[in-house]
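Two complexes come next, and they have one chain in common, chain A, joined by chain B in the first and chain C in the second.
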Partner chain A sequence: MRSTRRDWLRMAGGAGLASLQSRLLAGFEDWFQPATTAPDEQVLITACGICDSACGIRATVKDGVVRFLEGLPDDFQGQGKLCGKGAAGAGFLYDPDRLKYPMKRTNPRKGLNEDPGFIRISWQEALDTIADRIRSYRARHGPESLLFLTRPSPDVWVRFMRALGVVNRVDHRDECFQSDLVVQRYTIGGKPWGNDFENSRYILLFGFDMVTKTKLAHAHGVLAAKQRGAKVVLFNPEFNTTARLADEWYPIRPGADLAVALAMIHVIVNENLFNQEFVDRFTNFRQYEREIRDHFARYTPEWAEGLSDVPAEAVRRIAREFATQGPAIVPMHKKALAANYMNATQLAHAISILNILAGTIDRPGGRYFARTVSIPGVDAIYPPPAYPRVEGRRVDGTDKLPLVREVECGSFSTLADGMLNKYPGMIKFAFWNTYTLLGFPHPSQMEEALRRVEFTVVMDTLPTDTALLADIVLPSVTYLESSDLVPREYSARTPQVVVRQPVVPAMFETRSIGWVAIELGKRLVPEYFRTPTGEWISPAALLDERVKRAGLGSSFAEFRSVGIHTRQQPFTPRTTFATPSGKCQIYVPEFAARGYDPLPVWKPKAEQPSAEYPYYYLTFIPAIHRRNSTQNNPILHEIMPTNAAIISRTLAHRLGIREGQMVRIRSRMGAIELPAHLSETLRPDCVMVAHGFGHRTRMLSLAGGQGVRDGDVIPSRAIEEYVAAGNFGGAGCIMDAVVNIEPL
Partner chain B sequence: MPLPAAPWYAFAGTALLTTDSQQLAGLLEQLRGEIVEDEAAEARIRRLADALPSEALALEKEYTRLFLNPTGSPCALWQSAYSEMSQLMGPAHDSALEWYRAAGVEPARSNEPADHAGLLLMFFARLLDSGADPNELSRFRREHLVWLEKLADCVERHTALPFYRELMALLRWLVSVEEI
Partner chain C sequence: MPGPYGWLFDPRLCIECRACEAACKQWNSVPVGVNVRYRVVRIREYGSWPNVSTVPVSSACNHCENALCARACPVKAYVRRADGIVLLDSSRCVGCGFCDQFCPYGAPQMNRRSRRMEKCTMCADRIDRGLQPACASICPTGALTWGEWEKIRDRGVASISGDPTPNTTRPRIRYVHAP
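Showing the complex of A and B:
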């Protein structure tokens, strides 16, 4: 067909199209140009950006269009595979609903049911307006009036916020792994992202669907270990995918994981089953032996059985096996039910102790610190002037949780309380980067808080509910249009870096958050955005410098043509740890010095079943989705378009609920109505609802109006509750709700 | 029925690529000067000109609302979005790019998918203007213009702005002519 067309076109117009007959067609020249590119096909290496695992990708690109995504064979993280989300990645890139151009609001009334009256504006106008607002609020109300809801990356964005003296930067990690981050800093000297399941002989999982709801590297690891004969034990209220391959599964009572972990420590310490060599050489056990032995004496398996429904004999046996049949490992990570109860800080400490007693910290078969290529940040490459002192009030109240401040996290769960009740009117300006209202417990409360902010900027790839409340919307690139260097963390016994490169040019007028940071920085804090020779910092030059200094090549262009770098080196276990004492700390004196428990103590979850609310409410992220950001992907939408209330058949029979029947789930916070899905996989005192659904905006043509928001029945919190409950790691408490269920 | 003249397609394409009321009003004036078809054409131009909003931002707001998402059902401007998968850069994009390249051109803005309704109309106007073979015109129409009925359906369902309603009426007329 192509030759036919060429033929007639040649006949019609010689070289291309014939001369213009109409003045109206003069505009053609504005929209078309002589063809300069020829059809081509290439395979490019890049890194996924859907979750932090960032698995390596081979992207087949033909004629400037992504045709196929597959795993990168040499990548440690994905091990040549992609998960369902990763394989469907082009669906994010080519979503017709994408935000395409900067826009500004023309309707001053804000609300999910208000038409913002957006109009398209230039990037210049958007950036100038945002800079003016920040400048004005900062001068009149101080840096505490600025709220940034964003992950702490990229580093130029961090530089921008630090240069402004931003006090209130908040991210979602309290609903993820924050308590583990806080605790392990003091117990083993940092959070290890690596779990060496491949070499484990005993894998113990608390509230964790490791095989389907975690990183591909970890799922591969558990499966490989299982094939080699490792034992897998799971405590979880739901018989999930991991339970299907586990050797033992216990339907534990929600929130009682801590009791079982404490009882296991009791058994191991009481019977001296711990790894003597490791414990004596690398921990502070002997220094605090009496305190430790006395402390755990009370937590017997019989005591734990009464709280957890796990038989005492099973707890005792599993503890013995764990201590003697290793290498043994207990991972703790996000997406685990256990990481999200009010008592998760104590649980993180208990789990850390179990790993220490097993003697597998940074050892084969245990949790280990990633061996990475050192990639210098912007501050190392272009040292900044001194940053201003961070002064002001924390709107989320985390100034009452100093250890949370040390790891520079925040608290989603207490943010609305701070904005509405503690410090009303304090936040004048908010910048949201890729977070949505759905990510918060009790999203309506957060909506109300956001509605009262004078000026809000939302940067995202999709028009989320949050965008509806924005004064300016900025269109973001997807990971398939971005540049970065991504070191391996989840599977990194030897260092490896994978490139992230734009496999296609950025569509429409989308930009990266790093570019925005630099452009805003030039306008607001220019002294922080110049190189030592006085030029503006450029993303491209910064990447080139990183590549050079990390020893990956002479330029980013060179490294992107290679795509992956692996440095062969032996795995040498650590003998000193980055804690204050240099040892693994079972007893944490720094906790005691702050008035916290130096050893983990039993605390119940925040809310217990009652006559009014007799059931535990659990929420989960389905394997096929990532939080609340993938529901508009056509493939993932087709696989799982909506959510339902998962209820055990036993409970459903008792309540007279049939499959598919609408039910109302009500907590002290609110109610949701959705169809019931009956299952044999759940404890009869629980109901489970998948997170990520219930987008209100019709802007998302597939996800909009589908399902309900799980968070509508989850209470938001006041920081005082955390302090009173000993939740000094700031765990987000999104699993603590109790509810009533009634058929409709 | 004879095929409408190329300037009609050029105008429709431009109106789907820009929200500059003044520019569109100017193009309608040019159209009036160039088109001497009949009274119906004259009436069509008058209706479009009369429907152009006087408020400076009205067109911009409605264009953003209809085509660039925020609030309301989106009416995508890209042919691929109307395929089964409802994704950008689908087979329609590839085909459009092939047509353009065969003519020795390509979209000037590399970040704009080639199957944008405005680009397709503009390109068809150019083909028509350059006296292309009727069979090829017919084939382009089948492959890349017929779907505009769906766009018109969507816009008519979701807009009350007279200009876009008139524009969709124009679009339906331009697409409805089968004999080339």
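Showing the complex of A and C:
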């Protein structure tokens, strides 16, 4: 491809240059894609690993150094482009603070203010030590004494955990899309990762800064829809980037998204505006019509207005437009740092119903199930011996949320409570991969819980706060040094796979989590890590086998030179759904059978403003950062080095707070002190703080000591609160906090 | 190569992702932590709650027709290429900062470490290879584009609310659908 362009330039000569210039020109129907490469440069295709959009990358490497990262033209998700995080990706690779080799701690005292006294050890020693620890804790205290916080979890790692009979495997999904995952399993038979914005005419967003703070794939879709005349409506307490691009924006009261969604269902059902054909053929609406009509009769727009501050006539009109001016869609990829309140499981159900009533489930303009290339996992390639039964207590208490367990999820928000109060001393061993304390509500409580764990392993690219508490740290590769096959999921009406390949060799002694799984597996559960012919499973052979069986080529080496595979196939909408009844279930009898609400009911968020804590506390992910993992990247750090308390000017005036003045934000959980930033873009009863800052460790030379942890004022939870509140999807309540604000 | 070239920016399409800033830093190896950012995205806020609006602006050197920076420089460290790109030869810079005082856009910036000024080159090295400037080439939505000035000049206005007057410098930037 690259030589073609150079040749063409050479052949075209002077006359060609003029036409080249016209193509260079902004315009821009046909954007010029740079494709020339200098002779000493090499271009490699890979996939970004910062967020799950995993946009395709063209990496220019010069003299073995990554020179530039740009988008891969044919990729469905990035569509030939990268966001700011992706463009700065080389900064992760060349971060001088990276963990370079395995280390063990020599200072037995653990804490964020303790120097761990790390000393370098060999991989051999690290793996042998970890394996010994796991072996002895498992034998003496059972598998329930092992805690694994790992994501991404490649299939060999999952095999390793299953072979050990690990019961306590927790990841962050409760703070993200877990309630969505739990609910939609029963409403439509799985989580539809795809949003067909391009063909949508009406995009309704609840607390979702879709355009900028999530995935490039989503931003492309929404903008394309806008350009084709779709209407975008947003309910959000902040006038954010999406609000600026939306046709209508309503500064909704935090936690009241559910009220508006219920009232919209009320209008659509009451006025019979739903998609008759879809609802009659593919849903259980008629079967439960009386229950449904009776149930939603109470949720009038007037009722919703009182809770949400969204005018009743607006709710009514939007409901009518949504139902009749479709195809319409309510995306809900993630509620992380969007509408993630105690009532978010109910909200997930209500939103799912809105999509069902619009008749766009797996239809053009709606939420669809990704059409992906089937890439066989390790269990399909090398069938394992039977796995042991998973037995033991869930330290995060989610055995009390059986539907959460069905999707093999857990709960970050209740983990510390379980470790400290419910089952003190139960967890002896913890293995962390990429997660940090900052990802938890009330991180100091999690810190305390982790300090009490006898032996902790942290695998990461960087020396995070969690690494400070580790007994052994393992250096991880970055995504730019990894190998994988990355199917498109967010934009996949037809299947597409992009390669992930090392654009430079892995630096220092860094390894992948998959390699660690196999090495630990050999030591602990060897019968699970042999091929049928008796050799050890090797990551390279496994990858080759995957490529072959997925029909991507004869070997990984072959596929990595191609880089991208697109399979053209027609999009055939589903007519049966993977629910127990085979239909889309508005009324979910399985919820009723478990004692949950079969239809979404109004519940307030957990924390309500009071005399002591009069303001809503909101948190957000800035567009330029990814969770708490990017703050040490030099370019991203320079663009946004720290966080501030965003406060409305009206409120600041009332409280006597000036721009830049230090303020103390206090909740029942704790307090943070940070400078105020005044803005007109936020409700005057709210304060908002960016997530991802407040790393304590000075081993992060840029991010360490910068900003505050937004989580320090967010309550962690006990599982009983979830059960009592009907939060059976285990939504992590990241936005559910109220605070006091005082100038300092 | 022909020229001159210019920027075209459409605030309505900007998603504030900062890819232009990041790609600029990456391609040009602009040192970090020395207060030099060739391209910067800033969000301007207008109105008052709840009738509020915001306008993102991605700005860099506008390679003005009347480049006051070059005229102010006492050591002639600035050169204008035949294609109109205004370049600063940092090795000749004595760090007096006059250019910064005359540039209404804050394009020349003092590198705190070297004590010399630096500035956006419009990625002249990329242009010479038939590539777009890094910022425009990576912009995911087409909010920031680049091209021949002849074809950009009439596509928008030269300044938006909050900008300095363009009348003296005649910057090579246009804003589409400015608010």
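Note that the second predicted complex is superposed on the first by the 698 of 744 C-alpha atoms of A that agree within 3 Å, B and C clash if a C-alpha of one lies under 4 Å from a C-alpha of the other, contacts with A are read in each partner's own complex, and residues count from 1 in each chain.
One rule holds for everything that comes next: a contact is a pair of C-beta atoms (placed from the backbone, for glycine too) under 8 Å apart; a residue touches a chain by one contact, two chains touch by 3 or more.
Everything numeric here is computed off the predicted structure, so don't read it as measured data.
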Inset, instruction - Scan A:Pro634 for contacts with chain B and chain C and give back first, second, both or neither. - result: both
Inset, instruction - Figure out whether A:Gly84 sits in contact with chain B (first) or chain C (second), or with both, or with neither. - result: second
Inset, instruction - Please work out whether A:Val211 is in contact with chain B alone, chain C alone, both, or neither, and reply first, second, both or neither. - result: second
Inset, instruction - Considering only touches as defined above, state whether A:Ala467 meets chain B (first), chain C (second), both or neither. - result: first
Legend entry - Contacts of A:Phe508 with chain B and chain C, given as first, second, both or neither: first
Inset, instruction - Once the two structures are superposed, pull the chain A residues common to the chain B and chain C interfaces. - result: 5, 9, 17-18, 20-22, 24-25, 27-28, 31-32, 34, 36, 90-91, 634
Inset, instruction - Going by the contact rule at the top, pick out the chain A residues touching chain C in the complex. - result: 5, 9, 17-18, 20-22, 24-28, 31-32, 34, 36, 38, 67-71, 78-79, 81-88, 90-91, 211-212, 216, 219-220, 223, 239, 241, 244-245, 251, 623-624, 634-639, 648-650, 679-684
Legend entry - In the complex, chain B residues that touch chain A: 5-7, 10-11, 13-14, 17, 19, 27, 30-31, 34, 57, 60-61, 63-65, 68-74, 76, 78, 80-81, 85-90, 93-94, 97-113, 118-119, 122-123, 125-127, 129-133, 136
Inset, instruction - Would you tell me which residues of chain A are touching chain B in their complex? - result: 2, 4-6, 8-9, 11-13, 15-25, 27-28, 30-37, 39, 63-66, 90-91, 93-101, 103, 106, 115-120, 463, 467-468, 473, 505-510, 634, 697-699, 701-702
Inset, instruction - Show which residues of chain C lie in contact with chain A when the two form their complex. - result: 1-2, 8, 12-13, 15-23, 25-27, 32-33, 37, 45, 47-50, 52-54, 56, 126, 129-132, 134, 136-142, 145-148, 151-152, 155
